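Take a look at the structures below.
Two complexes, one shared chain (chain A), two partners (chain B, chain C).
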Partner chain A sequence: MGFIWFYIRKIFTLFKCEVLVLPSRVALLVFVVALLLIPAFTQDPYLLWVLILTAIFSIFAASWDLLSGFTGQVNFGHALFFGVAAYTSGLINVYAKVPNFLSIPLAAIAGVLTGLIVGIPCLRLRGTYLALTTLAFPIILTGLIFALPEVTGGELGISGLDRLSTSRVYDYYITVVLMLVLTTIMWKITDSKTGILLHAIREDELAVRAGGINTTRYKLLAFCLSGFFAGIAGGLYAHIMRTVGPSTLEVALSFQVIIWSVFGGIVSIYGPVAGVFILFPLAEFLRILPKVRMLVFAVLVLLTLIYMPEGLIPWIRNKIEKECPRCKVRSIATRKTCRICAASLD
Partner chain B sequence: MAESLLEIVGLGKRFGGLHVTNNVSFELNQHEIIGLIGPNGAGKTTLLRLIMGILKPSSGSIRFKGKNINGLKTWDIVNLGIACTFQNMRPFRRLPIIANVMVSCMCPRAMKRGEWVKRIEAKAMDALEFAGISDMALEKASTLSQGDLKRLEIARAIGTEPELLLLDEPFGGLSPLETDLMAKSIKRLHKGGRFGRLHSEGPSMIIVEHKLQQLMKIADRIVALSFGTLIADGKPDEVVRNPQVIEAYFGEGGI
Partner chain C sequence: MKKSCFLRGVFLALTFCVGACFPVWGAEPIKIGVIGPMQFTQGEGQWNGATLAAEEINKAGGVLVNGAKRPIELVKVDSNEFLSIPDATNAMELAISRYKVDFLVGGFRSEAVMVMQDIAMDNKKIFMGCGAAHPQLCERVAKNYDRYKYWFRVTPINSKFLVKVDFLVLDMVAKAMAKQLEIPKLKVAVVAEKAAWADPIVGIAQQSLPKMGMEIAGVWRPSPTATDTTAELSAIQRAGANIIFTTFSSSVGIPFAKQAGELKIPAPLVGINVEAQKDGFWNATGGKGNYTVTVGTYARVKIDDKTIPFFDKYEKQFKEAPNYTAGTYDAISILKHAIEKAATLDADKLVPFLEKTDMEVAAGRFVFTKDHDVTWGPGFITSVGTQWQDGKNMCVWPYNWEDLTYEGTVPYKLPDWVMEYYKKK
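Here is the complex of A and B:
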């Protein structure tokens, strides 16, 4: 009995000292708990539907951030990964009857391969040239899809995919839990040794090479990882929508993901996720007022770019938390001294 | 005769019609410090970039420990044991200083497979300690001053545990006091030994420098370039008295 108490006390202390001290951690906790509890309060199909799509696009936006934010390989055609994965799972599910618990991983593998195929020609490019080249890939693929309507269904796409699960609530839990797990993995990647290298490649690739690092390998790795996560999002999307059309490859989707990420705050993983969770439901609910929808959207994004160039979430975070000038640990902004080293925070 | 560490034979580099490096040949022996001098635009930085594989030579060959390194990728050359610093410092500005050094500590040459982040961090810390900026380790690199950036460059270079170190103007933009400190650090590094977890075999060096006085104190040999051509190679006091070198620096008529 005694040691159970010991562990309960230990967990409670950890919770008190590590979670409750920082508003951002409390907010994250509330967010996760709220997401997991929503179906217990309301099973409104429309609300769940919007949240499912939000979760899927969160994975997608975070994968863009991994490649373009962290590694600096700005990708203007990120919908390519999404579309390829969606079509892959659509084709193999409808024609080969591969069940969805296999077709989604296969879609992710298709995303990885796409990452390789796009990454190799893009290795020598940077900046604007890279952006324009990546923009071209989904357009080329859309052309191919229209050219082969017998296989791909042309403009109408493929329909009749299996459902993700038997009920909307299950769908909701699958996507939301996957979203939480995958974004945590991405966040962990950016926090690891590899993450430091990816970050450094964005800053100055030549200097990383002079540090003896094979930057080609790491850039390709970034493309593949990003393709993998975007691929899962694409596969999930295909099974949720139960139809796959050329809209998954649209330029508009590629730009949408950039808008979400820039709004939420790039180079943070949680920023793009938050960006999707704010903007996507907003866009959905504004559908009732179609005339002002685009206007509201444009003004919002413009305002963030002007007043919070780092994005919304890092901006808020800097308002409610302060970084200790000595030990670089964050404390809540109301404190006068650092919670670890007691240095003055001003 | 012991085999020389670096052997440059007939090295040439053209940018269009401009011969920036012109049939340069010299050798660097094990455990030797060469000072590379020459007026502005003589092609010193270009020569270092050719050795590092950042630029591809138009003609000639570079051999390191008897192995031809022409056409190898920069990272392969670094992993053979050459490291360089940049004349115009190139830190990763938005990364903390410690992370700047961790990048080079993560090259296959310096890192054992699967080494933990904590250990790499400790090693990077030792490199910073050696360079004398360990107190700033957690700051962003953009907060560093000129002199400290030079130190960061050196810390990054020794993070790869090189056998040959190419320093491009390590004293550039430093005050006389800082210059002395830096010269001392370079000498200490050249002696070799262990700096915490960091191992230094006492690398050979090629130092590009305009401050001849300081350079002569630490260099064993001096190589002078002018318009990409090698004009002198020998003991420091011989080279500075060489009429061709004086002419290259001060123009026709000497001092």
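Here is the complex of A and C:
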């Protein structure tokens, strides 16, 4: 009993000293709790549908950040991972009758393999050349899809996939919980030794290599990890839509993910998630202005990027929190001294 | 007392008059969601067609349901399906869950319609397709009737028949060429925009043209958004083509027809050219698109008693000729007819009545096939072939096809420069 009480007290102390002291962590907590409680207050199918898609695209956007934000391997064809996984899930579910709880992990594996296939030839390229090469892959695959309509369904794609679950609320919880778990895993990866190396590769690859680290292996790992998470998003999307078509490989989707991520703030994982959670529902809200919907959307994104070049969430975070120049720990902006080392924050 | 009685009488009389003038006053409206790419011409056509139908029905008192006349209320839902499939699904959910529509008409991009169709079927909403031609949309009804029975296609005709009409119109032009210019074996240039939907038509053309006694001069695939097609046209002329068989749904249809006219390519244009279905085609080509032939749904001919009034009303109200997505007009008319017969809005009860539809609509006599598709053929919906003749888009097909010629149809005309070229030769 005393053992349990010790842990309860420890959790409470951690909560009090590590969560409640920072507005960003309180906001995250409120966001997670709100997401999990929404179906208890409303089961509006439209709202749940929008949030389901938002959760799926959040995983997708975070996976782009993992590869392009953290590792600096700018991918202009990220829809490739999403589309390959969606088609894999669709093909094995419809033709081989593999249930969705298996087809989605298999789709993720397909994403990993795609990461390998794309990663190996792209490792020699950097910057603009890498970006343009990655852009070509989904276009090539789209061509293949149209060339093999008997298998891929051509223009219409594959339809008749199993539902993700038996109800909209279950769909919601599956996607939202998966989104929370997967983005946490991605965030932990970026915070680990591997993540620091990926970040270092982005900043100065030559220096990392000079340190005796095989950067090729790490870059390939980034492609595979990113493919894995994007693959799960693609598999989930296929079973939610119950149809997989060439739109999952469209260039527009690849650019969409970049807009979400850059808007939210790259090199953070939570930034792209926030970007999707703001922009995707915003596009729905702007249906009240049908004629200028896309224009208003574009202007809002542009203004945000002009005035907040690091993205919305880092900008807000820097306004409400300060980083200690000595120990690098963050404190609320109203404090004069660091909450850990008491160094001056001004 | 007397004054009070008088006032009461006046009030009652006024109430009666107002009630008689507005029989649908206060009745709960029937909500119809018009879903489509509303920022594009296809969506505009869907909305315009539906608006016209709703205005007509409401003016006549509304839809008679169980002895009460109920007005139609249209709900515009932008699917944005050209740019985003998730957007299209959100729009469908919005229409069903938030706007609580009773019925849905519209849809355009086949891939998006497949997903939207599933959402409508999940909610047991009758969805009348007015834009997507893919056969699979109706094959789903045949494969899984219980689930997909709420789907009905009103326009366009199934793409298999659309291709058939395309070749029938080509055959008409080929016969005119052979007869008037005495060319023993015609050479056809197959020109299709570089798009997935056009691929099967190119394949069919390569197989069918030799069987039709024609030779293929070559296949050209310009970009759908090309603005200069002179290279293709010059190559076609060098290949000795006598006819150019077009398959265009995008803007390339304008420069291609314009430049063919400017260069006086000695081969008439025939096939699908969606731009040539629009009124703006003549001005866009500066009149050089004269003699261009395209397959379409509506033309100002007497397909039945409803066609010309619909065509004129549409042109008057929206300052353009209706394109095929304006078939929402017919869809709502069919829906009204079925609701009045079934005396209910219940989807399950309405389906059998919709299946029994046999009525005249603006596109012709409308009957659903057993898999809820449009019945095509003489005596039913046929589609039309139209030709630009000196600034007017005239119906030229069907013309003595299966003993069928719609009143107002004119004979096909060969371009004068083509006639001159072959006569000089």
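Descriptive notes on the structure:
In this text, the second predicted complex is superposed on the first by the 337 of 346 C-alpha atoms of A that agree within 3 Å, B and C clash if a C-alpha of one lies under 4 Å from a C-alpha of the other, contacts with A are read in each partner's own complex, and residues count from 1 in each chain.
Keep this in mind: contacts are C-beta pairs under 8 Å (C-beta built on N, C-alpha and C of every residue); 3 or more make two chains touch, one makes a residue touch a chain.
Computed from a predicted model, the values in this text were never measured in an experiment.
Overlaying the two complexes via chain A leaves chain B and chain C side by side, clear of any clash.
In the superposed pair of complexes, A:I213 makes contact with chain B only, with no contact to chain C. In the overlay built on the shared chain, the residue A:S247 is in contact with chain C alone; chain B does not reach it. With both complexes superposed, C is the one of chain B and chain C in contact with more chain A residues.
Here the vertex is the CA centre of chain A, and the angle it makes with the centres of chain B and chain C is 130 degrees, a multiple of 10. In the overlay built on the shared chain, the residue A:T184 is in contact with neither chain B nor chain C. Once chain A of one complex is fitted onto chain A of the other, the partner contacts of A:Q43 are absent, as it touches neither chain B nor chain C.
Contact with chain B, but none with chain C, is seen for A:D204 once the two complexes are overlaid on the shared chain.
Aligning both complexes on chain A leaves chain B and chain C separated at their closest CA atoms by 37 Å.
Contact residues of chain C toward chain A in the complex are 38-39, 76, 78, 83-87, 89-91, 93-94, 96-98, 110-112, 114-115, 118, 134, 136, 140, 196-197, 199. Taken together, the chain B residues at the contact with chain A in this complex read 52, 54, 73-75, 78-79, 83-84, 86, 90-96, 99-100, 102-104, 106-110, 117, 120, 138, 156, 159-160. Residues 44-46, 49-50, 53, 57, 146, 154-157, 159, 241-243, 245-247, 252, 283-284, 287, 290-291, 293-294 of chain A are the ones touching chain C in the complex. Interface residues of chain A, counted against chain B in their complex, comprise 192-193, 196-197, 199-200, 203-204, 206-215, 327-328.
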